[in-house]
Structure formats: C-alpha cells, structure tokens
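So the structure is just underneath, and the comments pick up after that.
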Amino acid sequence: MKQTVKEFNTSRIRGNEVILSKKNKVLKRFFNLDTNAYMEGALPSRTKEMLGLVASMVLRCDDCIKYHLEKCREQRLSDEEVYEVFAIANIVGGSIVIPHTRRAGEFWEALKED
Amino acid sequence: MKQTVKEFNTSRIRGNEVILSKKNKVLKRFFNLDTNAYMEGALPSRTKEMLGLVASMVLRCDDCIKYHLEKCREQRLSDEEVYEVFAIANIVGGSIVIPHTRRAGEFWEALKED
Amino acid sequence: MKQTVKEFNTSRIRGNEVILSKKNKVLKRFFNLDTNAYMEGALPSRTKEMLGLVASMVLRCDDCIKYHLEKCREQRLSDEEVYEVFAIANIVGGSIVIPHTRRAGEFWEALKED
Amino acid sequence: MKQTVKEFNTSRIRGNEVILSKKNKVLKRFFNLDTNAYMEGALPSRTKEMLGLVASMVLRCDDCIKYHLEKCREQRLSDEEVYEVFAIANIVGGSIVIPHTRRAGEFWEALKED
Amino acid sequence: MKQTVKEFNTSRIRGNEVILSKKNKVLKRFFNLDTNAYMEGALPSRTKEMLGLVASMVLRCDDCIKYHLEKCREQRLSDEEVYEVFAIANIVGGSIVIPHTRRAGEFWEALKED
Amino acid sequence: MKQTVKEFNTSRIRGNEVILSKKNKVLKRFFNLDTNAYMEGALPSRTKEMLGLVASMVLRCDDCIKYHLEKCREQRLSDEEVYEVFAIANIVGGSIVIPHTRRAGEFWEALKED
C-alpha cells in the first residue's frame, strides 16, 4: 500500500511545479500563506492539522484530506483521535462525507505501514 | 459492464469494514441512522430512494449516486422516472451536475445489464 | 404568522420582475425550464416537489425551501411526509442543515395556518 | 450587544421545539448524535468545539458558527486561538468565508460582554 | 434605495475593523492578497471583477456579490453585461442561484441610483 | 499527453449520447441553454469562457474545468491570462481549489501540445 502514498506525493509535487513555474504572484503568495496557516502559534500545529483535516473532509476534497492525514501522522495522532475527527466531519457534513471517509480510512492505514 | 457494478460494491464494502473496525461509536450509529432514514414510513422506500438520489446528485457525490441508483434499480424505477430525477437535479444544481449525470447514466445502463 | 408567507411571496415576485424586465433570453428560458421540470410526467408533481424540497435543503437555500414547501402544501403533504423529507435532508447533508430545518419547520407551520 | 446572543438562543430553542414536537425518530436520533459527537473522548471537548467551528465556517453556516462560538467561549478560548481557527477557515474556504468571519467576529465580541 | 448600499458598506467596514484589530497575520495577509488578485494584470480589472462576481454567485455569497457589483458599477458595466454574468452563474450553479440573483438584481438597481 | 485530451473528449461525448438517447425534454433543453449561455453577446465569448472556467473551479468540477480550458485554448488565452483566472479561483474558493488547479495546470499544458 505504501505505493498509494508515494503516488499521491509524486503527483502532488509535479502539479505544484507546473503551477509555480508560471510565476503568478498571487498563487505563489497564496501557497506560502497556506503553509503559514498551520504553523505553531496560539494553537499547536497538531490541533491545526486536525482543523485542516476536518475542513477538508466536510468540503470533500480527497487530495486535501490525504495531505492533512500525512501531517496528522507526522504529529503522531492515534487511530482514536483520527476517527473522532472523522466522526465530527460526518456529523457536520452528512452521509455524503462517507465515501471520502472510506478513502481516508484506507489512506490512513497505508500511512501507518510506512 | 457488470464489472463496473461489482467493483463499486467491493470497494464500498472494503472501505466500510476499515471504518467500522475502529469501533468509533458516533460513526457506527450514524451509519445505522443512514440506513434507517430510507426505510418504509409515511413515505414509501421507493420515494425515499429518489430523494436520496437527487440529494446525492446536487451535492455531486458519485459514490452516493451509484449507491442510490442500485437501490432505485431494486425498486424497479423506469428509465423515464430515473431521468426525471436527473432532470430536476440538473435544474436545481446547474451544469456542474452534467458530468455526474453522464457517469450516472452509464452506471444505470450497467445496472440494467445485471 | 400568515405575514411570513405573504412577505416571502411579495419579495419573490418583486425580484423576479426586476430580473425579467432586463429581457436576458438565457435567464428567461431557464426560468421556464425551472417551471417545466416539476410538471406531471413519469413521476407525479407531488413526488417532484419533494425532490425539489430535499435538493433545496441539502444545498441550504432558504428561499428555495420555502418555495417548495408552498408547493408541497398545495399537494397536501402531511406533517409526517414533510418531516421524512427533512430527515433525509439532514442525514445526507449533515448538521449544517439543522438551522435551515428550523426555519423550514416554522414556515411549514405558517403555511398550515393559511 | 448581549441582545444578539439572547435572540440567537431564543430562536434556536424555538425552532428545535417545533422540529422535535413532530416526533420524527431519525431527526431525534440525529440531534442526539450531534450532541454526542462533541463529548470528551480521545480528543478533549475543547478541541472538538474548534473542529465544529472550523467545519461550520468553511461550510458557511452562520447559525452553526454562532453555536460553536458559544461553546468555544465556555471552553475559555482566547482571542488568539479563535482567530487562528478563523484564519484556517479563510485559507481553506477562501474569501467567501470573509463575510461569515465578519459576523463571527462581532458575535464573539458580544459573547465576551456576557 | 441608496440606503441599502450605504448600510452594506458600513456593516462591511465595521466587521473588517473588528477582524483586523486582532492582528492575526494570516488573515491580514489574506485580506491583502484578496485585494491584489483583482488588480490590473494580463487581464484588465474589469474582467477580473466579472470573474469575482460570477464566482460569488455560484458560491451563493450575497455579501461577496454586493461587493463585486459595486466594483462592476465602478467599471461601468452595462445592464446587458451584468445580466450575461448573471445568466452564466444561473446556468452553471442552477436554480438555487435564482434567489441570490433576485437580491443581486435589486442591489444593482440601488447602485445605479447613486 | 495529447492522449489525456482525447480520452476526456471521447468519454464526454459517450456520456452525452447515453443521456440524450433517453429523450428527456428538460435535460435536452438545458443542454442547449448551456451552449447558448456562452455565445457572443454584450460580452464576447472569450470573456464568457473565462467566467465558465472560474465558476467551474470554485465549484471544483474537474470535467467542467477541462471543458472550459479547451474553449479558452480555442480563444487563444495566454498562460498569463489563464493563471490570473486560476489565481482568482483560488482566492475566492480557498486552498481546496489547489488540487483542481494542479490538474487544470497539467491539462492546460496537454492542450498546448495539440
């Protein structure tokens, strides 16, 4: 399954390179801001990554979910913690979040194998 | 084309198993509630499955659409009925529903081959 | 409470008049199509109005919800039937649908007073 | 400004009473589940309320935002913490979240006056 | 009707002041970026304001719509041009955009009275 | 990469044929209206295609994005112009638009190879 994780990261990096090669300043600054938003502050990065994860889930963006799951893995979230985030995402966003939760659950298992 | 249907169901079951193996109570109860919502009541299940289908279409969740199309097939909806649901979904949700309607149309044909 | 219903209808008609006075053909034809979509067909108008209601709820459009509730009232839906539509909308769309359900519930009571 | 908070709570309770008086079981159970999802677990309620807040913001539900802001106030979140949640919501959800952030900011001030 | 426009601007400025007074750097930089995105570039500001308008309409954010309508008025868009933007928003986003189009149409008339 | 473009168009045409073969009048008329909305009017088609593109991006519909990118290519938009549309879409719609921008960027390169 590690393959799943590697493929996601490769495709993510390749796409970012295409975008950034065009030197659009608004996009470049927005990408930086996106990174800054999750940095240690009044709230720890660990909490912020959970916020990023739940927001990605209710907005149903699989790639965003995968990205934040990787970060949550780096922050050593337990299965119980990750699934409580999943639960809130499902209650707030409804049953349309379920298929994304299925894919998130499988990606989380793949991350743990690494 | 039967293959399409089988693959969808296999992947759906596998994902659900991963989720439910974690024993998060909120998710487990939400899954049960999701099943109960479509049961025979003041409204017949047949109507409720159409409600589930149109809601999935305007929210543009392909897996949810496929799931409710399977249920609509079990309820013996005709092509004309299914496409009137599709039409309302497109009018309410706009042209961004069209690509999902294309995939829904092809899945519906696959279901009829079974 | 009848006031609530009257105000909604007045404001709806006034807004439509502003739009249609501009004679944009695409908008005019889209408005017509929107009316046609709910006409008696393979599915009865009664079912179609429920489809319009649930779609409006999961997309969280209060004015659309009110409009379809009026139509559901004309179709003589019972409280039980309306609330089963509400239930499906909440399960599919999640807890963010709850505030809209509160307003829908109050508008439905107002409609019954008429 | 306390008025703002009181009015929101009154209208929220009144709407819930209308809904629950109809005794739809799916809705009743979903309301309970919605409460349970934020209870102390592997994650503390404090974190869960922030998750509920950010999810409500990116989905742009003003009433949900107000509700979770009240809970965040009970959990004694600081201005800095609340605004870091706001920041993530704006980055993930984009500039369409700004008007909701304006209303959230004013409601947060009102809550602090209580 | 000028009142409508004045009230919107006053409330917008007041909300922004509350937010910016908290000195959250991510939010401050995001607000600046939001302004920069519409500046003259390879595309003229006039086109960019129309892009902002149509995006706000399909995402159904009334305050964002009003803001971009003001900018479109400054750019001297004709009724015909504004309504062609409205038409595309309705086709892409569906009938749930209609209530927002009604409010947009009335606000546009108010802007022209100024 | 030309392959990517060809595959998209083939699958799009095949799906449309399935839908139109069912002769649902509302869908047929909606498809026609969708085409008409982008025709030369008070606004040139070139501008309208950019409006369609930005709307598709903030609503995060990859197939709609690809379709409008093809049209933007026919209208000879420059890289700078396309990326200014991308930038507005990201600012309005937030970081959840980034994965769609990655795929859009790659498809745009594929279109230029043709």
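In this document, chain identifiers A, B, C, D, E and F correspond to the written order of the chains, with residue numbering beginning at 1 in each.
The working rule: contacts are C-beta pairs under 8 Å (C-beta built on N, C-alpha and C of every residue); 3 or more make two chains touch, one makes a residue touch a chain.
Bear in mind the structure is a predicted one, so any value in this text is a computation, not a measurement.
Between chain B and chain D, the least number of touching-chain steps is 1. Centroid distances from chain B, each centroid being the mean of CA atoms, peak for E.
Taking the CA centroid of chain A as reference, the farthest chain centroid is that of C.
Think of it this way: of B-D, B-E or C-E, only one pair shares over half of the A-F contact pairs by residue number, and it is C-E.
Distance between chain D and chain E, defined via averaged C-alpha coordinates, is recorded as 26 Å.
Centroid to centroid, with C-alpha atoms defining each point, chain A and chain D lie 23 Å apart.
In terms of their C-alpha centroids, the spacing between chain A and chain C amounts to 36 Å. Under the contact definition stated at the top, the residues of chain D that touch 2 or more other chains are 26, 30, 33-34, 37, 56, 58-59, 64, 80, 84, 87-88, 90-93, 95-96.
Viewed as a network of touching protein chains, the structure reduces to a complete graph with every chain in contact with every other. Remark: chain B residues 25-26, 29-30, 33, 36-37 touch chain D in the complex. Residue ranges of chain D in contact with chain A, taken from their complex: 33-34, 37-38, 41-43, 47-48, 50-52, 54-59, 64, 78, 80-81, 84-85, 87-89, 91-93.
Remark: chain F residues 58, 90-97 touch chain D in the complex. Residues of chain E touching chain C in their complex: 60, 79-80, 83-84, 86-88, 90-91, 95-96, 98-99, 101-103, 105-106, 109. Within the complex formed with chain F, the residues of chain A that make contact are 11-12, 14-16, 18-19, 22, 24, 26-27, 30-31, 34, 56, 59, 61-64.
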